[in-house]
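In structure tokens below, several structures.
Here come two complexes built around subunit A, the first alongside subunit B, the second alongside subunit C.
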Partner chain A sequence: MQVFRLYFKLLNRSLPTIVIYIIVFLVIVVGSSLNAKQNNEKMFKESKVDIAFINYDKNSAFIDGLKDYLGSRCNFKEIEDSKEAIQDALFFRNVSYIVTIPKDFTERFFDGEEVKVQKLSVPESTDSVFIDMAINNYFDKVKLYINHSQSLSEDEIVKSVMKDLSSEVEVEFYSKTAKEEDSSFLINYYNYIVYAMLSTLILGIGAIMISFTELDIRRRNIVTPLSITSFNLQQILGNITFTLGLDVILILFGFFLNGKVLVSQKSLLFILNAVIFSIVSLSIAYLVGILVKSREASNGVANVIGMGSCFISGVFVPKELLGENVLNIAKFTPAYWYTTTNEAVGKLTNHTLENYTGIFQNMLIQFGFAISFFAIALVISKKKSVEVI
Partner chain B sequence: MIVSVKNLVKRFDKIVAIDHLNLEIEEGEIFGLLGPNGSGKSTTINCILSLLKYDKGSIEIFNKPMKPDAYDIKKDIGVIFQNVAVFDELTVYENISYFCSLYVKDRKEVKRLTEEAIKFVSLEEFTKFYPKKLSGGLLRRLNIACGIAHKPKLIILDEPTVAVDPQSRNKILEGIKELNKQGATIIYTTHYMEEVEQICSRISIMDKGKIIATGTKEELKEMISVGEKIKLEVYNMNEEAVKEIRELSGILSVKYDNSLLTIKSSKGRNNLVRILEYLGAKEIKFSQVYTELPTLNDVFLEITGKELRD
Partner chain C sequence: MAVQMYIIRIKCLLKDRANIFWTFLFPIILSTFFSMAFSNLYTSETFQSIKIGVVKNESYDNNEEFKSALKEASMSKDKDGSKLFHVTESSEEEAIKLLDENKIDGYIKMDDKIQFFVKTSGLNQTITKSFLESFEENINTVTTLASNNPGQLENIIDDLSDSSNYTEANSGSNPPDMTLNYYYALLAMACLYGANWGNKEITEIEADLSMKGARINISPMHKMKLLICNMLAAFTVHSIGIMLLLSYYIYGLKLDFSDNFNYVILTCLTGSILGISFGGMISAILRKKEVLKGAITSAVIMLGCFLAGLMIVQMKYIIALKAPLIQYINPAHLITDAFYSLYYYDTLDRFRLNIVLMIGYTVIFSIITYLVTRRRQYASI
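Moving on, here comes the complex of A and B:
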């Protein structure tokens, strides 16, 4: 096992750089996880929309009720009642919505006529939908009381409607499975592994392969009584040991940072996916090691592939924010399928074969990448072995 | 027979690098393969070591056919290539130990042999140094230690002294003689004729992929007509005098350039006396006189018509 022992002696020389890469990874992952946690805790905050309320009708309990109801959702802004002022207010986004109550609106509404309030809103504003819904809600409720409680006065109807609208209904979701785990940390952590895995393996294995494939060293190895098969097997064993060692370290860090050791189907799927991705990373590192001729170039390639994959595969930038073209290109990288699998595992609520199918398909695609990279590396390696002199 | 090469032919496309080459190397020899750059020395060595496939011929080492998977033969061969082949990431000790361990299984034995090799190349003070910290000469010594640590029966050195300072070169050459004394058979390729003359017991001269002469250095020099080279510092020599000297008995060639008269004479006595008598009779003044025996370069020149280092 001389070559195997040599493998780790050579790796030792790259260890300081590898440790730096792992530290950078942990800093990024911890930082982004804390950020994600804060975002999750304050994910929904109700905000009030700025609107203007212009009333050409008389002051009635019905109109006051509408104003009060909208007041719980909107901020009223005073604007001048002129066409130009209204247009300016919308253009400069001083208000998002202007409600105008026409003359005799209350009377006609209570008489059962089909009347409408006039509205002006910022084009394509989502706020307008929200206010439309609120206004419709109020009018529907009032209409309901008018139609079914004819003995009630306008004041009583408005009071009842306001009481109804102020009551809230609590909704609780029930799942067929046990309480759904929050997988956001795990998705985040395992996605970031793309960076650590690719950079570290390309750096470590690349440097070792550069040493082993250096022409004079290869010639010296070939003239020894150690068979090429034994030499290659020991080298492969070294690569596998290094990769699995890195897997164990990164997975243990994940458990440590997560604060609990989860041995669930979900976490096992995350681990399985990470192990498969490490095999893909190994194949890329092996190929780079064969192609690249200097350590400096290997470092450069490690950064480009590590960072590049993270940027286009939804690690550093969420997939939702990436353009369609970028995502189409990303589909040709294994990191995309790895992160897609992580997200699918994270969303998994029911552990059924049907749900697993997509996940395993993604894993198979990653395997396909690994086999392709290994095949290319072997062809190049074979070609180079002919050029041993 | 330690090495036997018969009718070896190696082509690179249309270029014939080795042309029906025959070699026989006996046990205990320091065999020199001398030739200018591009003559086919390294190609021959690469074929012998099965690093290159050849087109025709046969190679036997230790009376067994040499093949890429002849591991029982390879375990008794040590190779020192022209370029230093060591791991920059390993110290001097680790490098020697690693290459030795590829030949020797027992760890204690590897340790012992590594220490012996370090002592042999006088690198005791540098065992913890990384190759990049070593000078060119020390690096060459490390390269040699990596090739000989396992005590091989046959050591092949392919131009091991290229770009080495004279002090380190002498140390390397002395080391090779010492290894031979310890029982190793040596094949030494170079284009430095002085090195071959200094250490080799038998020499083959190569040119254009062919062996053009083989023998001891004395035998090779006997093959040529030049017996002596006489050089004189002469002033005011005219063409007529040069012509008359050329016509003297036993004189092969005369050249007069920059006040230096170079005369090659055939084997035999009194050549110098005849020249000096002629110069005295013609009252041609001369100051310094040197005489040289023919070198391997003269042998190469006479056989090929060109200098060894052309």
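Moving on, here comes the complex of A and C:
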């Protein structure tokens, strides 16, 4: 098993780079899952919009009432009151709406003047529609009281308006039984595996194959008493061991981060899908290893293929936000079918044959990719091997 | 002589495939991925009519007020304005089916009270809830007011129906399209990749760093003169790469930059010099193997770009709030922020600050490089 041992000696050399890629992967996956919202709610929860409230008017009951009313719909955030700070906060969506009450607003409003509050928001956005609606609703009601019960003071009007505005409509989930267990973490984690799998395999296998294909080394290897079949088999065994080892590491990390080891039908499907994708990645890495001639080149290719797949196949950016054209292009990459399978597995609620057929079809498509990449690689390597040695 | 050395150097540099890939091709490829992935990110914030269902039963049919309120909300106020709701009337079974297939966000059912059924929580559902509440609240207000002045009922209802708009948008700056910062940070990364070129120039002129450097040192050419020629050549090649990227941004991806185009080019060129001088300095100070220097340069650039929002766009804002000092020592931030402030602010103050700091760092890096490399002699290598 000299070749097999050599394989891992060579792999050892690129270990630092591989470890860096795995660490980057873990950082990204943990960061993104912290960001993702939990979806296992049992009760309806109102969405709140982050806004900033800047008041240049005096603290009147009228303005306090508005702030109270908005408080049930928004989170107020403190931001520095300078033009640049306000613009920055909006650009990076620290807040999505900034409302500014101008000076003497209360007085002029009660005098019946047509006054308006200043807003800074993402134009036409859903958030701004929502807040506009709330602000207009409050002012409309106050105006109505001003017009129709002249005898009331400002405080009394605000009090009545706040009383009127306290309606609560019941919101319920339409069917409580259909609530599925939350798989968003697992979907997210297994989707991100695309990045780790492609980059590490292309880098690791690329580096090893470049060492083997160097002309002098190839000449030396051919004159050994070891048969070419055994030589190749040992190399293939090395590749498979490396790939499966990576699978085991990544899957164990997944269980570790998830906090619980659950062996359910779902997690078995996730694992099966990941193993299949690792075989596809292996085939891509093998093909790249045959084509590139230097480590630098394989580094570049690993980055482009790894990140590219993640960007267009719904890993970094959810599929719903990708355009139709992009998705059509993505269908030519195996990563698309891998992530689609993950999402289907995550959504699996009832184990009907129909649901499984879709999942297994996607897995078969990935196999198809793997077979065609291997086939191309074999044709090219055959051509190369008959070149003058 | 100098011109000849400059031209020869450019030819040499163009043969460096790895550097050409990382500065010319890689940013273009990555920005293409960005544009594919982010094309809908900004527009996804745009409001779309909320699709809801209503159960058509007896209490709904009899409730004319509610019907007309719903009808009004599903018509646009002005011609181009979007309407709030898109309503489907159906039986309860059909509504459940629509909700199950995610065709609607929820459905309303009227019995003795209004009920709203949803599948998940969300902003659209919250908006619908608050619309339903405001309907009930209108009834409250009318009841209260009418009990105070019984004769006025019709006037009140009339008044109620013409709601006005009390908000006014602050106009001025360009739209806050967050995705632009990704592209700006990527352009900053491409500028700073100039460090690899600066690195190469120092390595190939120092006798203890490369064989080529040893050969050059025994030639009669003045070392500083040659270094300046070479650095100029590196700057030429690298800035051409940056200009290609910029034109790809503008003509290929149709990104928004400031209208003040000269300033955009100024930022690109200053960024390019900053990158090259940074790499030169690293190479001159750390007299180690090339691989190690390359790794350190990449690590510093990637960390800088991460803090400037290349991977997580809000990072730039978080740094500005929590650790503002880092902004001013992070070259990637300076370049990104220069593009950002040109695009987004009405004034040029912050842009000027960024450019001045960039030039300042370039001068400091160059002086350090000069002090380390000048008059260096080698007794043995």
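The working rule: the second predicted complex is superposed on the first by the 245 of 389 C-alpha atoms of A that agree within 3 Å, B and C clash if a C-alpha of one lies under 4 Å from a C-alpha of the other, contacts with A are read in each partner's own complex, and residues count from 1 in each chain.
The working rule: a residue touches a chain if its C-beta (ideal position, glycine included) is under 8 Å from a C-beta of that chain, and two chains touch if they have at least 3 such contacts.
Bear in mind the structure is a predicted one, so any value in this text is a computation, not a measurement.
> Touch test for A:300: subunit B only (first), subunit C only (second), both, or neither?
After superposing on A, A:300 lies in contact with subunit C but is clear of subunit B.
> If you stack the two complexes on chain A, which partner ends up touching A:326: first (subunit B), second (subunit C), both, or neither?
Once the two structures are laid over each other on A, A:326 reaches subunit C alone.
> Quick one: is A:225 in contact with subunit B, with subunit C, with both, or with neither? Answer first, second, both or neither.
Once the two structures are laid over each other on A, A:225 reaches subunit B alone.
> Compare subunit B and subunit C by how many residues of subunit A each one touches, and report the one with more.
C
> State whether A:117 touches subunit B only (first), subunit C only (second), both chains, or neither.
The second partner, subunit C, only.
> In the superposed arrangement, which partner chain does A:13 touch: subunit B (first), subunit C (second), both, or neither?
Touch partner of A:13: subunit B, not subunit C.
> List the residues of subunit A that touch subunit B in one complex and subunit C in the other.
none
> What residues on subunit A touch subunit C, complex-wise?
Residue list for subunit A touching subunit C: 28, 31, 39, 41, 44-47, 49, 73, 84, 87-94, 99-100, 115-130, 132-137, 139-141, 143-145, 147-149, 160-161, 163-175, 178, 294, 296-297, 300, 303-304, 307-308, 311-312, 316-317, 321-323, 326, 329.
> For the complex, which residues does subunit A have touching subunit B?
2, 6, 9-10, 12-13, 211, 214, 216-217, 219-227, 388-389
> Flag every residue of subunit C that touches subunit A in the complex, lowest number first.
Subunit C reaches subunit A through residues 17-18, 21-22, 26, 29-30, 33-34, 36-41, 44-48, 82, 84, 96, 99-100, 106-107, 113-127, 129-134, 136-137, 140-141, 144-145, 148-149, 152, 155-156, 159-160, 163-170, 173, 175-176, 178, 181, 311-314, 316-317, 320, 340, 344-345, 350.
> List the residues on subunit B that touch subunit A in their complex, please.
Touch list, subunit B to subunit A: 46, 49, 51-52, 68-69, 71-72, 74-75, 77, 79, 81, 83-90, 94, 98-99, 101-103, 146-147.
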